[in-house]
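First chain A sits with chain B, and in the next complex the same chain sits with chain C.
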Partner chain A sequence: MRTPDEILGELAESEWVEAAILYRLDGEIISLKISREGYSILGVLHWMERQVKHVLRVIEMEGLENVIYTFEKNKVIFYPASKSTVLAVITEVGVHQQLLMMEIIKAIESIRSYMR
Partner chain B sequence: MERKVPTGIYGLDELIGGGFRNNSVNMIFGGTGVGKTTFSMQFINYGLNRGEKGIYISMEMTEEQIIRESKQIGWGEIEKHIEKGRLRIIHTHGEDIVILSRFLQDIEEEIGEEEVRLAIDPLTPIIYNVQQKRHRKTISEFFNGLRRFGTSVVTLEEMEGVEMMPLYLADSVIKLQSLGYGERYDRTLRIVKYRGGKHGEGLYPFSIERGLGIVVDVTEEQINRVTPKMKYREYFEDAKRKIRQVEGELREALLNKIEALETSWTRDESPERVLQMFFRTELGREI
Partner chain C sequence: MKCQIAFTNKREESKAVEDLITQIENFNVEPHLVMVYCTLKYHGKYQKILDGLHAHFGDVAMIGSTADAFVSPHEIRSDGIAVVVCEDENAKIETLYEKERTAREGAKKLAEKIKCENGVIILHFPPVRVPGKIEAVQVILRGIYYSLRAKMRRERAKEFAHLLAEYLYDVRLFNLPQHILPEFAERFPEIPVAGVNVSHAQIKLDSPNIFCNWKDIGNGISALVIEKEGIEFHYDDIFPDKGNTPEETMERLRSMKGILKEAEAEFVDNVIISIDGREPQEVIKELTGVKKPDEEEFLGKLSSGKFEVQIPYTINFVNKKTGGSFYTGAAPYYPFDLYPIIFDTKNLDNKIFLGYEPFYGRITDFVRCIESLKEPSKFDFILLDVSSILAFGEYAYNYRDFIRDKCKDNYFGIFTAAPCAYLPERFKKRKYIPEIEKNTYFTGGGTNIVIEI
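Now for the complex of A and B:
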């Protein structure tokens, strides 16, 4: 069975993904993989560090399917991955949404089977 | 090299360079029912089974309860250790411990000369009792006393109103959590602090298995991140050769620094750039 590090590593290798982070619902980072480093992504990571607990709480309380935040150059998509984890994916604005979603759903299935 | 004391917790020692530091105070911190007592008993039991001596100071459970819990996990040998005098269980109440220096004397009388594995489970009622003006100094002196006796595991309950000062004074802090979602990352361990060495910085899931106790789920990749990389030995040997040409007292100090750097070089990248910086700063030139 693949570990979260391996699953996110593969996701971060995708050409549409700049970073993938798996959070536990309390905001603890389980795994983090960054594919490209840049100032724009550092800004987003900094924002996430401050906001993630609030975002995760809203996702859990409202039972949201996903949450998308759009910045000037980047987009952050939060997806509940299992009962206690949320996957966050950072991409560039304007990536092919459907292809990206296929990659995310594949990763989520692997995370779910690992978490069981 | 400093002697390490194996924790007996499956998977943990690989994340902290072989175990706790000898003569150290190690804090296990977490909410109720998370595994703090199991951690303490497992630490003590590992040493007992290898001929070491142990003292278990319990603020909650009686000796009978501890024996029962140990048997429940599968450590029935605990009774034999008590009979042979290798393990001493002290059941006391935090409210009865008014002066920590006297409490240390009491422990010392139990221990004698030999170094022991010591557990205090939990420290919380003692902390409540000694809250006073010179609180930090009092706890610091208490921990220094414990360090004289051997290597200690001290548990602290995470709850509102509990003083966090002991976390700052301990040599290492391990946080245990349990969220209760019924998934793999429900029970997790994080090494918050580990004085004097590198440690794994991840969030590690763990389980409590009958017979074994706490088993930390660590991957090869995670172990690799905290394992010194021997493949760069040549760079360090070369640096040491160059330092040996330096004259005076500085030579020994520089050699110590390089040896410490070598044993903690866990990065995958070559140390070449860091070594160049080292020579520029220490000697004013690259060698």
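Now for the complex of A and C:
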């Protein structure tokens, strides 16, 4: 069985993914993979550090399927991966979201199998 | 046929090849055919990848192309390279290609080279090729010029639209299935032919790409010929049957969900000149709410690789000869007024139907061909329409389970533009509606094919 590090490592190899982060619901990072470093993504990572606890709380309280934040150059997709974890994927604005979803779902399935 | 599949999504092409070869070294199949499909992630690096794999396999028959996604045991992937290694001692396998100046000439030459008495022919070609930047500028300028001439000299509009169609045909921007499949149907009337319409949901300059015999043949046409007893070919689509007459088909269209408006179109070759006497882009703007792009915006989107071509609005046509109906996307694709489409309008009724894609409630119909499978032990090569992923998003991931249940372990599929087919009579199960030519099927979305080998 693959570890979250391996799963996120593969997801971060995707053409569209700039970073993939697996959070515990309390905001602690379980795994983090950054595939493209740049100023814009640094800004998003700072924003995430400040806001992620709030976002995760809202996802949990409202039972949301996913949450998407769009910045000038980047998009952040939060997707509950298991009862206690949320996967966040940073992409460029304009990537094909439905095709990217196929890769995200695959990663989430692997995370769920690992968590079982 | 027995197959094993290697997959990688490593970003760097050298690492990707290394990863693939490591997996392939553990396979226990003798390679008689290798299929290579990659996503646009490796744009500009395809030949390096093919060279790396060629060095490992030697001169084994090889076919492939770029694709939007793959389905393999047991996952759907939309990013990476899949290498399918096939073994079949009872099959005669041949892979060939042509890169002639025009699609018709290429198809004719390729058909002449092929010998097949019993089996299947699988073609790969891009129905629409996106040229490089310089050529794209030339195409835009020609489009603007002929559109202006057609506007200023209304009585000669047909002549200018014809000149634009000829130009686009000469530079091979369009490889119309209507020009390609009949060449094979004529020579091999008893052999089913599948056409992999290689096209992408988000297009890039100088794409899509076809691969054959370890070469990136760009905009060429390739053929995989498998001669073998007992190959089953199942074509299906998401649509109801066509009517007995073109009028009956029109009645069916009128009752279909998604048809919003009827109109009269004027066209020549594969170019629409006007709809209800107005410029096509004006009518499309009314339908979609999106205006045609200016040249800079158009080129910018193309260069960034984020130009989405799959849109939910359609223009539906009826063929007066076959009684079939098919659609093309209605979107402000071009920064000029004349509107080239993916069909030759010869034999089409001037009455057209504008609407949106009739996909609602049809998610399982996009894999309907799978229901016809006869022998789960055979290798199933599946051609699916990428618009199913675009229309249903993450729900499309359920195709994986459906396919796994039906195909067991020996299968591989690709998602590109809706595939086209020529079907000899014995392979027809019903009166399929997208009949563009006799026994030849093609439309903008909703078709699917599985071949049991």
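In the analysis below, the second predicted complex is superposed on the first by the 116 of 116 C-alpha atoms of A that agree within 3 Å, B and C clash if a C-alpha of one lies under 4 Å from a C-alpha of the other, contacts with A are read in each partner's own complex, and residues count from 1 in each chain.
Here, contacts are C-beta pairs under 8 Å (C-beta built on N, C-alpha and C of every residue); 3 or more make two chains touch, one makes a residue touch a chain.
Note that the structure is predicted; figures quoted are calculated from it, not measured.
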Chain B and chain C placed together on chain A: clash or fit? fit
| For A:Ser82, is the partner it touches chain B (first), chain C (second), both, or none of the two (neither)? | first
Message: Tell me the contact category for A:Arg24 with respect to chain B and chain C: first, second, both or neither.
response: first
- Query: So, does A:Tyr114 touch the first partner chain B, the second partner chain C, both, or neither?
  - Reply: first
Margin query: Just checking: does A:Glu60 make contact with chain B only, chain C only, both, or neither of them? Give me first, second, both or neither.
Written below: neither
* Is A:Gly94 in contact with chain B, with chain C, with both, or with neither (first, second, both, neither)? -> second
Taking every C-alpha pair between chain B and chain C in the superposed model, the minimum, in Å, is 18
Going through chain A, the residues touched by chain B and also by chain C turn out to be none
Within the complex, chain A is touched by chain C residues 9-11, 39-41, 68-69, 75-79, 201-202, 304, 306, 308, 389-390, 393-394, 396-397
Listed in rising order, the residues of chain B that touch chain A in the complex are 177, 179, 181-186, 188, 190, 203, 219, 221-222
Seen from chain A, its contact residues with chain B in the complex are 3, 5, 24-26, 28-30, 82-85, 114-116
Touching chain C in the complex, chain A uses residues 10, 13-16, 35, 94-103, 105-106
